[in-house]
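Data first, discussion second: the structure below is written as structure tokens.
Residue numbering begins at 1 within each chain, and the chains themselves are lettered A, B, C and D in the order written.
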Amino acid sequence: MNIDFNKLFFTFLGLMIVLNWGLLMSALMRKIGARVAKRYGIPWFQPWVDLVKNYAIRSQITHGVMFYLGPVFRLSGGVGLFLFMPMVFGSDLWTNFSFKGDLILILYFQFFGMLGMALGAGEGGQPHSFIGISRGLSQFTTIEVPMTLAVIAIAVQYQTLSISDIVAAQQGGIMNWTVFTNPFATAAAMLSVLGAFGHSPFNLVKAPNEIPIGPPTEYHGTYLGVLRTNAAILHVVEAVLFMNLFFGGATTWIELIVKSFLIYFWSVFVGMVFPRFRIEQSVAWFLKIPLILGIIAIILL
Amino acid sequence: MENLNLEIITLITGVILVLIGIWGLLTQKNLIKIVIGFTLFDTGIHIIMVSIGYVKNRTAPIIDQSVNINDVGNSVVDPVPQALVLTAIVIGLGVTALMLTYVLKMYQKRKSLEINNYNDLKW
Amino acid sequence: MVKNSLIFIVLIGFAVLLADLFVGFNGNTDLNILANHYAVSGPEEVGSANLVTAVVVTYRGLDTLGEVTILFLAAAIVSFLLKVEAGASRNRKLRSTSEILDTASRILVPVIFLFGIYVFINGHLSPGGGFQGGAIIASGLVLMLLAQPAKEVGHKLITLVESISGISFVLIGVAGVLFAAGFLDNKLLPLGTFGTIFSAGVIPVIYIFVGLKVGAELSGIITNLHENQNEA
Amino acid sequence: MVGPIYIIAIALGTAFSLGFFKKANSNFSFAFMLFAMAFMTFISGQWLYAFLTQQQETIQIFTAGFKPPFSISLQMGLHESVFLSLINIIGLLAAIYLYDQLKEKGVQMMMIFVLLFMGLNVVIMTRDIFNLFVFLEIASIATAGLIILDKSINATSAGFKYIIATGIISGILLIGIIAIYYFAGSLFINDIIKLNLIYVKGGAVAVFLVLIAIILELKPFPANGWALDVYEAAHPGIGAVISAASASAGIFVLAKILPIVGDSGYYIIGLIGIITFLGSNLLGLKQDRANRLLGYSSIGQIGLLLTIIGLTPYLGDKTLFIAFGVLISHALAKAGLFWLAGIVNSEYIKGWAAIRRKPLLLVLMGTFIFALVGFPPFPSFFAKWELIMQLANNDKIIWLALILIGSFIEGIYLFRWFGYAIKEKNEDLPEFPIKLNKVIPVSIVAAGLYLIGYYTGLAIPEAAIINYIPLIFIVIIFALDFLPAYVKNSISILGLAYYSYTIIPAYFENDMLRFIFVVIFLIGGILTFIAGYAYKGKRRGFYPVALIMYVGLVQIIQAENLLQFFFGWELMTAGSYFLIIRGKKSMAHALSYMLFSMGGAYLILAGFALAQQGQMSLSLDVLNSISNNAFIIISLLMIGFLTKTATLGLHIWLPGAHGEAESDVSPMVSAILLKAGVFGLIILLISTIKNIETVSIVYILGWLGAITALIGNLGAAFQEDAKRLLAYSSIGQLGYIVFGLAMMTHLGWLTAFTYTINHFMYKAILFLTIGAVVLRVGTHNMYEMGGLIKKMPFAFIAVLIGIIALSGVPPLSGFTGKWLLYNAVILKGWYFQGAIAFFAGIIAFLYLFKLISSIFLGQLKDNHRNVKEISIWFIIPIYILIIGLMIFAAKPELILQPMGDIVAQYFPDGGLNWDGGLATTPIGNWHGTHIMIIVGVMFMLLLTWLVVLSRKAQKVKQFNIVYSGERPFTPETTHISYNIFAGYNKALGFLVMPWITNFWNFMSDIIHDTAGFVRRIYSGNGQTYLAHIIIYIVVVYFVFFN
């Protein structure tokens, strides 16, 4: 592997853009949520303030090595997803390392951070962490079922697993987007994205007020900063994934920002309306309508 | 009754004895009576054996005054079944003695001659 | 009732089977080859006037040996099973006997014994033989025991007679292999004059042993059964 | 040479002379009797030797100096000498065994004993039908005498039933004989044969009577209640004689008179035989008394022999070989078992648990059980093989199926019994004395079984090439069993290493496919053996059985023909059975493993038999050219192999068997053993690749594989027992392998191979680690552990790597499999099956998280505060495997590229292309090495970032957590582990309800209830038994003669 420093620089730059856009997006979502609830909400720069504060806290504790590694895994998962995701279509510099692997790599790399985080939180020994993790894992299994069907459907549709190629196939007009060429797969995927982003009604992993904040309960200070950093990156990257698969990708950063915002907003919007599920309801829900949509998508191939 | 010869009569007698013996074996509950059933069965067989060796109008296969020494082949009945029946009778005797001994022993142990009382081993 | 009718049906089935077996039987009018050979050549080959004896002792001598063995086995089993354990209380009730029986038996028993011996010694000449003679001897014993229930019969004597005569029988057989044409071969001894006591090769000798042996074995069985009567 | 007539003379002379001895001389009289028995044995053995080595011709012995038919003649030929030798040896050994009883009971019993064998000898030699009757009577009466050896009421009443039943039977025989004399005019069997009496009116009935009487002597089901009672009541030493010697003679007699009956007899005998075989074994299922169970088994075996005789027209010149193999196994094994019963002296089979206090006796019992069921290397194995092959060649499929079903049922109760002996509680059982004179005969017959088995094997050309040297090595290890474990461990490792050294290089050169499997088997074997150093003491019996399994596995790989393959397969099954049953609570699981394995093996046997039908060859290549019944054959073989891969429906044995096994056994039977099924499947699919029927079968197989993956993983998620969790996980993983193979594409097969290699490595890592942890903490239950990361960091890292690999998370090697699978599924077009497989893959996270977090994370339990790191002997193999795993993850092309070349031979199209480290398929791409580097570098950078920022983090003690300022109560209440997926269970648990277990239990209940109902015909009433006999005669007569 020849190290191309120019490419590395642009990759890092892209990471920074994604991080900051992610922070801003989370602030916007919270703001929108507050306004819907007739509250004033936070200032738009609040996430940056929180981040700096977290990184700067001096008193810290650790429960052990795995506890320590948990956030590293988590952030590696987020950054790794970013690294393997082509961001802006048509640009050699903004496709990161996506040529090293395909859609399957992305799908499975999601677990890298989740698993590490689960283990780190586990070592903390906090009961609520365990509850959160068990819920998260349970819910995730069925989220992935319609998602898998949708991914198979579009992989077959485009005869490729390469994300860049999938985006390329959707170029040349809005009607070439998967959302129009394969609406059922898109519908299935967009329902599972609700679970992936973890907003209400599927927010039982962190479940505020119920199990303090679930897995990261024990994390604080720098660890929390790392987790926040990751959350910002991950939300954007996941939105970008859906954008790439179903909404024609993005040829510019602006397009990326708009599309990712809308995709993320979709989950926030649903979260405003519905109350939280219990775990068995959540698990079962994904095996109903989203699953049927996914099956239709496959049958229609 | 031309064909009701001596040997046929004895043969039928033997068969009937065999059947009576089996009937006794299968229906009588008393051990001694079962043994008697067996002896009847056995005796019936012996009679059958002898009748099979009989040759019409001939005498026992012993060469004495009644048999012409030069024409033995045409004057005596078949000696083989007679020899066999001798053996069979002795065997039957031994078996019967054994049965009675076992019955005696069983009676000594349990004071009962009912075969239904000896069902300890089953299935 | 169901059971009895089932047995009845089975019996009918068995009767049909036997009927099938003998349906063609209409008596013999002639000897078959085997029997004819025995009848014609028997006197010459074996030298026994009683053809049945010739068949029993010589031609089918192995059967006879087996027969003796069966009686021996039966006697051994009876004696094993009914052996009175040493030290067991012997409070058996004895049947009462009558004066007439007692007296008659004193006269009759030796005669019966003698008759038995006569029967087996003349087995190759006249009807009878070792088995018949042995049985007659044993019947004498029955009479004796009926008359004198308390009489103890010597088991040792019985065993001794049994064993010696048995071994002799076997030895005669083996001698046939060694000195004549085969096991239990009759020609071990000269055939002698047809129709006399000292004729027919080893048949009389064998029959003597058979008679003694059968007599001893049956006596053994009877004695054992007798001793177990009314045993508490 | 000493003439056969002296057998009679000696026996009679001895019997008659014994009367001279007094009770005080009982030792002398016993020696006298023993000498007679020995002499009889010597005479028969001498003749056997002459027939085998000196082209001795069959001789006729005339008695009385006349030729037959005028006198009785005896015959001595090869067959006579074989049977005589067998019977007399058993007699001699039985006499030695019965030393105490015979001595105590006096000379009468000795007389009876000698005369029984004299009777049996003459019965075999005689050519005169009436003489046959006389000596059969001698044998019966002597048997009746021996039955009452202990004079108990049960023995006496059984003796009465016996004598009256045989009395009736010999009466029937006598009627038949006299009628035959009437029709034939002769009693000489050779003359009678020439006359074809069966075509004479009435003559046929006469022949029938003789035939049915001889058959009744052999105790056909159901007219055999009297015999069962005898087996139960008689002294086991006598039972042995009846079962082994008398029954052998009976079989010989049947064979002797069969020519009189002519060809029409075969059908009757075959039918009677198979009914007896099935009926007797079925009723044996419900039996819990040892002696009676042996009786059922004896009668069943005789039924099998009758079947074989009945099938003579189809077996041709193989009949003798087959009958001999079955008979000798039956006679020796049954005699041995009866004798053991006399030693153990326990009425109920559960009481046999006492036997394992004496390991030698347990080994002997195992020998007999395996010989009876027909495992290699016993004669019955080769006999059964030939039997099944010949039946298939003659298209006797129903017979074939019935024989296998009967054998299977017999296996059920024999192995249940053996399981009791190995595992049932034996603390409260009484001690039993061991006497040398009782053990020696048992040992001799066992040794005889091995020896004769070896020579039987040589008689079949396909079996003659089997390499017995490894088996001899095992015998040596067995002989060294008294040594401490570490010595045997070293020897075993050296043995396997040498074995690897001799065979692996050649495979590497020539056959990559077999290379992979042989490496998994042998190198895996060595690695798991290293863990064996952690065990103290002697570990009795462990090394021989483990090596048997490995040798069996290698035999499967090396097999060039079907017989060799099956030999290895059965060897492997036997070895793994013993490994599994070593676990503390493994009795039921080992039985269920054995039953599924045996059922599977019989299906494979049937499949092989049908496959080679009409091809005149047993080479593995015959599978290439299956034409008739292809669907059935492929299905049979496939289901057979799927029992070993624990595919859905056939998987219920696995969780218990793997979960309860010892710590270093679990990886053996999971990571290594399961691959045997995979190998079988691969061989089958390679061979039948072009077969039109394969298409539909693999379609079903694909669904099965995917659903197995789902159910296995889901089941794992709900386990609380760490090892069972891993066991269920194996079911799921094997489901993937089956699924991959079923796709029958290049990528599908590469997926399967990748999973095979991966599963070997990570399942070995996980099972070894968890097993080692279990050894330290003393429980399998995960909720009783927790927080062990602090105590066992090496174990934690191993499990961490294991679960990352298993879950398929990049960059470890599990992802290789997932990626290939996705590509394969999409290219194959199996979308739904693929989706199920992925769903299963994600469920894997549930159980993997549960596994690692419940054990290593969370709160340390108070009673584990002093546990140590897992044993170094486990760490060594674990970390060797981890290195292998890492290499496979970083450089997958090292293995996948040559694998691709192999797979391309069978599936040339649509492969995986390699460009350096970059793998591409028509639709996807992936660079394993680079991804590993990227992830590694990124991880290190971020770690550094965190370390820099939080360098002052302070280590806190347990319980210092965010808990509303309170202190949690106990580790047990704080560590959330028990049933953590309760919600998930509520939603999806219905999928893993024990439907399949219930199904098999239901089947088992039906069979057992049937047996329980049918066996009521054995009412114990002697009269009923008589009625059975008469009814049997009448029914058989009317069924066959009208």
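One rule holds for everything that comes next: a contact is a pair of C-beta atoms (placed from the backbone, for glycine too) under 8 Å apart; a residue touches a chain by one contact, two chains touch by 3 or more.
Computed from a prediction, not measured in an experiment: that's the story for all the values here.
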Two candidates, C-D and A-D; the one with more touching C-beta pairs is A-D
When centres are defined as mean Cα positions, the distance from chain C to chain D in whole Å is 54
Here the gap between chain B and chain D, centre to centre from mean Cα coordinates and rounded to Å, is 51
Whole-angstrom distance, CA centroid of chain A to CA centroid of chain C, is 107
The positions of chain A in contact with two or more other chains are none
Expected list for chain C, residues touching two or more other chains, is 7, 10, 14, 18, 22, 25, 32, 34-35, 38, 59-60, 63, 66-67, 70, 73-74, 77, 81
Each of the following residues of chain B touches two or more other chains, namely 18, 22, 26, 52, 80, 84, 87, 91, 94-95, 98, 102, 105
So the complete set of touching chain pairs is A-D, B-C, B-D, C-D
Chain C partner, complex, touching residues on chain B are 3, 5-8, 11, 15, 18-19, 22-23, 26-27, 52-56, 60-64, 69, 72-73, 76-80, 82-84, 86-87, 89-91, 93-95, 97-98, 100-102, 104-105, 108
Within the complex, chain D is touched by chain A residues 1, 55, 58-66, 68-69, 71-73, 75-76, 79-80, 83-84, 97, 99-105, 108-109, 111-112, 114-115, 118-119, 122-127, 130-131, 133-135, 137-138, 140-142, 144-145, 148-149, 152-153, 155-156, 159-162, 212, 217-218, 221-223, 225-226, 278-281, 283-284, 287, 294-295, 298, 301
Touching chain D in the complex, chain B uses residues 18, 22, 25-26, 29, 31, 34-35, 38, 41-42, 45, 48-49, 52, 80-81, 84, 87-88, 91, 94-95, 98-99, 102-103, 105-106, 109-110, 115-116, 118-123
In their shared complex, chain B is touched by residues of chain C numbered 4, 7, 10-11, 14-15, 18-19, 22, 25-32, 34-36, 38-40, 42-43, 49-52, 54-56, 59-60, 63-64, 66-67, 70-71, 73-74, 77-78, 81-82, 126-127, 129, 131, 195, 214, 221, 224-225, 228, 231
The answer for chain D against chain B in the complex is residues 130, 134, 137, 141, 144-145, 148, 151, 153-154, 156-160, 163-164, 167-168, 170-171, 174-175, 177-179, 181-182, 187, 225, 228-229, 232-233, 286-287, 292, 1015-1016, 1018-1023, 1026-1027, 1030
